[in-house]
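Both complexes shown next keep chain A, but they swap its partner, so chain B is in the first and chain C is in the second.
Here is the complex of A and B:
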């Protein structure tokens, strides 16, 4: 760890990766909430003709004209896609796909036609030049700073500023566009402004870190945040944090562990994080959900066993031990260990649970047949399932219902 | 023409056909961008195939690509079901992750692989149609035939799976298996087109022809046919164009051809094209204006003056356009007498018909929609305006009473 901090080139790479990842993660939240996560990928391809035209018109390899060309191309791309979606009534994804692939092809043809002699490598745009961050420097207020750190910091500040300024407005636009329109917000203008922000952000990151990192960071951290969070604010924070973690872990592993491409490893790291979130997210992860479901089934099995054994013990019979390798069997083992069932008969607290359950069952059966007018001979099955879901307050309500039903029988019919 | 052109032509034509057919299935499922994501997710498979096989053989790379593409396809379709990830985010995330993994693997392979992995990223991204071998063209043709055959044989099942999968489940079709089949066909199509046109342009060939065909038809079978044909035409035209000017790479030219076909259809397609829509709108406007002129003349007829000055129609309260008046004369409803206009007998019949229709509409608005008869102004048939006036008519006393 010490030698990383000692090495200024490494520190610069790490810093650029972090800045870019965080910036893209924040922009990505907006896009994800609007079902437009693919816009990042589309812009990554669609800016090519803008870059080339910027180069052709000025004939220089300065950054500014290419940057402006790329931003304009990104804007044109999203505007045409929106226009096709609204006017030509196309599917949004198809409209985007048509436009960006066409722009990309046009860009490739432009490269072949005009810029044969210069070396505009496709892989350079893809990878970016993150490894050379340290060596492209510029002077700012008497400090010598790596250029990409300056540009991405500006993009990040722009993003944060716009986010804080239009926090409420963008939130409403994302979740309820019709509400936004009816309260008189300039929805169209706000969305266009967002597109400008996305265009500026992604283009300023392309040059520094490459399009793979941008595409991955616009899509993956917001997706993770979407699994974990339910609020706009927490989504932004979690998304930025995820971007940060992916950037740090990805950069370090690329340089010190597998000796590979930095943006690629960052994308891969975010993929691992996404996999972890999908599997383990406390609320919606696959494993926690499956676990909760299984616990619930165990509880149902336990209650059923207790009720059955109580009913059998009333006619002086015993519940036989079920097959132990099953949910019911596991529930049986639990009950025996706790001591709720002994010799196939409910004991102590087990007996109380069983009684409550039977009481709930009969309450529900009566309620369904008398109040809901369902045929009584069909109620055994449903009551068997619903009894587990009746909690204390519902039971009290049913009991009161029964009392009032008895006191004035006319309402019951 | 170069000697190889015929082979390339055959290959790209069948490629376009194949992509067009598969793409229409994606378009109807509203998943057009899946093609792009899957095309990108071939990269890790290609590098893995190379690392494992130790050579750049067509089959090793192809199998690897097929494998990762299928994994990506399954992930993209399962993630939105398993968790609260939206379809679009899942597609974009899988694209980013798989492509990033591919790039990471590639830079390892380029350094440590047995023999440098010389086929650089450029070829993977852009393809090299001009360098297509005869064996590749034959593979392409065979695969396209198989894909078309599957589509023809299973077109009923595919139709159901695109439009109403719960109905399909209801009549006992296995929708999961059909979805898997579609993914398999898509993956195979993408993998066989990669060497020729590369990643992005494969996605283009899968997305653009169906989107174009969608302008021309609303029927499934026709969509498939038109889309396949458009793909084939784009492939052939692009290959021929680029063979005339050797400098240009074939793949992008094919895509530009497809995009040209798209823009033409966007404008001229009879039902959904912009031109057709515009024309229908103008026609409707003209017809309404004609109706207004006829009714105006009819009212004058009742008031006793058969002839109405032309200026009174074009200016004044009616303010009709001269083209509408000309249309009235052309269709024989009115006739000119000097500077004055008069209704013909046919025109009188037409005017009476539209007056009675108007009266019936007013009646309905009055009785059923409960809009005040006096507020109905049929010169502005805009329902929105009717509603606006009505809502503004609510007296303030009423508001006070409710609050």
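Here is the complex of A and C:
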């Protein structure tokens, strides 16, 4: 870690990776919320002919003409895709897919035809030239800075500025376009503006990190943030943080562990993070949900065991040990360890829990048979699990209900 | 009651020559609770869209409180169909209601404490204040409807349009929504609702607008919601329009009239 910070070339690579990842993951939130994460993919590829044409017309690799070409290409892409969707009645995803692949292949052909002698290369479109960041420098205010750091920083500032300026407008457009339109917001203009922003973002990150990283960072960190957050603001922050973590972890592992392509490792890291989020997210993650359900089933099993043993002990019998390799068995072991059950009979606090549950059970069964009119054979089995969900306030309600039901029985139909 | 909230004149709406609404003339008085009734594809949602300004009519005009709708400052509240909302969107209840304040706030300004307080007030008006920090997907159907009504209140909308708020809700929820509607009427707001359940029209609404591409009838429920008008709305009186629509379809698909007439 220390030698990275000491090595200026490595530091530049790390910086570019972080800047690119954060920039893309911020703008990606907007696209993800519109269910259009793949638009990032489409634009990242569709801008290629614009880039090349900008280069061909001016014959230079200045930033400005290539930028303008790319933004125009992005707009044309979205216009054609919208037109196909509305006029030719194609599916939105299919329209986008058709247009961007056509444009992208056109761009590749253009590269092969016109730029053979120069150092524009089709494969660098895919994974960029991040390794050379340090050596492609430009002068800015008398400082010599790596070029991609400057361009990506500009894109990041643009992104942040636009995000803060149009925060509520873009939020409304994404959530409820009809509200936006009915209050007179120029929805189309705002959405096109967002496209331009995506185009600027992908072009500025393109040369440095390639399309793989742009596509991954537009789609993956926002999706992770969507799993973890339930507010727009926190989603943006979490998405940017996830992008940052992917960039740092991906760059370090690419350089020190596998000695491989940096953007590829960053994208892979973000995919790994996504998997982790799906499995472990506290609210919606698969494992925490399963764990909470299992804990609940254990509690039900414990309460049932206590209640059963209490009922048996009243007729001076004792509960036999259940099969230990089962949920009930595990609950039994827990009860024995804490001493709530001894010799098959409830003790101390276990007795109290059992009594409460039996009270709930009788309340619930009376309620179910008298007020809901369920026949007696419906009161056993899973149906009686409801008793475990009754808390104090619900029990009081049931008891009151019973009182009023008794005082005027004709309402009990 | 004589003041007119919404005046629609000669409104025609067509999607690429396919007629959706034809020559609608109707006035909806202020403070009325008006049901828009008609078969599927009768153009009910489109009519709401035209009033709201999200659809541009091909012909005709709409006046809101005597001001042409494109020049009107009046905000119209809209409660969308439940299926058209993305309930997984990362917003909490209060955020949705706050959206109602955005327009008056204007560009580049951030909502502050005043907007928060106002939004909370609107939430309390529909009895949802204590759920303000819930994610919208965690609400029940009736609560979701009430959040959007609160948003219309936050817009200070004197006219509120609702697209099938009663679709697929249970009896208790229906009752809650009705209570909220009664409160809106008490406030002298005009509420226009696309409604499907013909059984409840007479109980719920004081005005009714019968629609089937054309306006069949409109007016107070007592005099307008008649068996005869219903038959005209749902019955076979519209063969002329159907045939016109069929002709347009033939033109678009390029098939000759003779060929399709052969069946």
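In this section, the second predicted complex is superposed on the first by the 368 of 413 C-alpha atoms of A that agree within 3 Å, B and C clash if a C-alpha of one lies under 4 Å from a C-alpha of the other, contacts with A are read in each partner's own complex, and residues count from 1 in each chain.
By definition in this document, contacts are C-beta pairs under 8 Å (C-beta built on N, C-alpha and C of every residue); 3 or more make two chains touch, one makes a residue touch a chain.
All values derive from a computational prediction rather than experimental measurement.
Three-chain overlay on chain A, with chain B and chain C in a clash. In the overlay built on the shared chain, the residue A:247 is in contact with neither chain B nor chain C.
Once chain A of one complex is fitted onto chain A of the other, the partner contacts of A:255 are absent, as it touches neither chain B nor chain C. In the superposition on chain A, A:226 makes contact with both chain B and chain C.
When the two complexes are overlaid on their common chain A, residue A:18 makes contact with neither chain B nor chain C.
Legend: residue contacts after superposition of the two complexes on their common chain; A:264 is shown touching chain B, with no touch to chain C.
In the superposed model, A:37 makes contact with chain B only, not with chain C. Comparing chain B with chain C, more residues of chain A are touched by B.
Of the two partner chains placed around the shared chain by superposition, chain C is the only one that A:179 touches, whereas chain B remains out of contact. When the two structures are aligned on the shared chain, A:167 is found in touch with chain C, with no touch to chain B.
Contact with chain C, but none with chain B, is seen for A:235 once the two complexes are overlaid on the shared chain. In this superposition on chain A, the options for chain B are 62-70, 224-232 or 368-376, and chain C clashes with just 368-376. Chain A residues 35, 226 lie at the interface with chain B in one structure and with chain C in the other.
Listed in rising order, the residues of chain C touching chain A in the complex are 49, 52-54, 75-76, 78, 80, 85-86, 88-92, 95-96, 99, 102-103, 105, 107-108, 110-111, 135, 151, 155. Chain A meets chain C in the complex at residues 33, 35, 165, 167-169, 171-172, 174-176, 178-179, 181-185, 226, 229-232, 234-235. For chain B in complex with chain A, the touching residues are 27, 30-33, 35-37, 79, 82-93, 95-108, 111, 120-122, 125-126, 200-201, 203-204, 207-208, 210-211, 214-215, 247-249, 251-253, 255-256, 259, 262, 266, 272, 274. Those residues of chain A whose C-beta lies close enough to touch chain B in the complex are 32, 35-38, 40-41, 45, 84, 87-91, 93-98, 101-102, 104-106, 108-109, 112-113, 121-123, 126-127, 212-213, 215-220, 222-223, 226-227, 254, 258-261, 263-268, 270-271, 274, 278, 281, 284-286.
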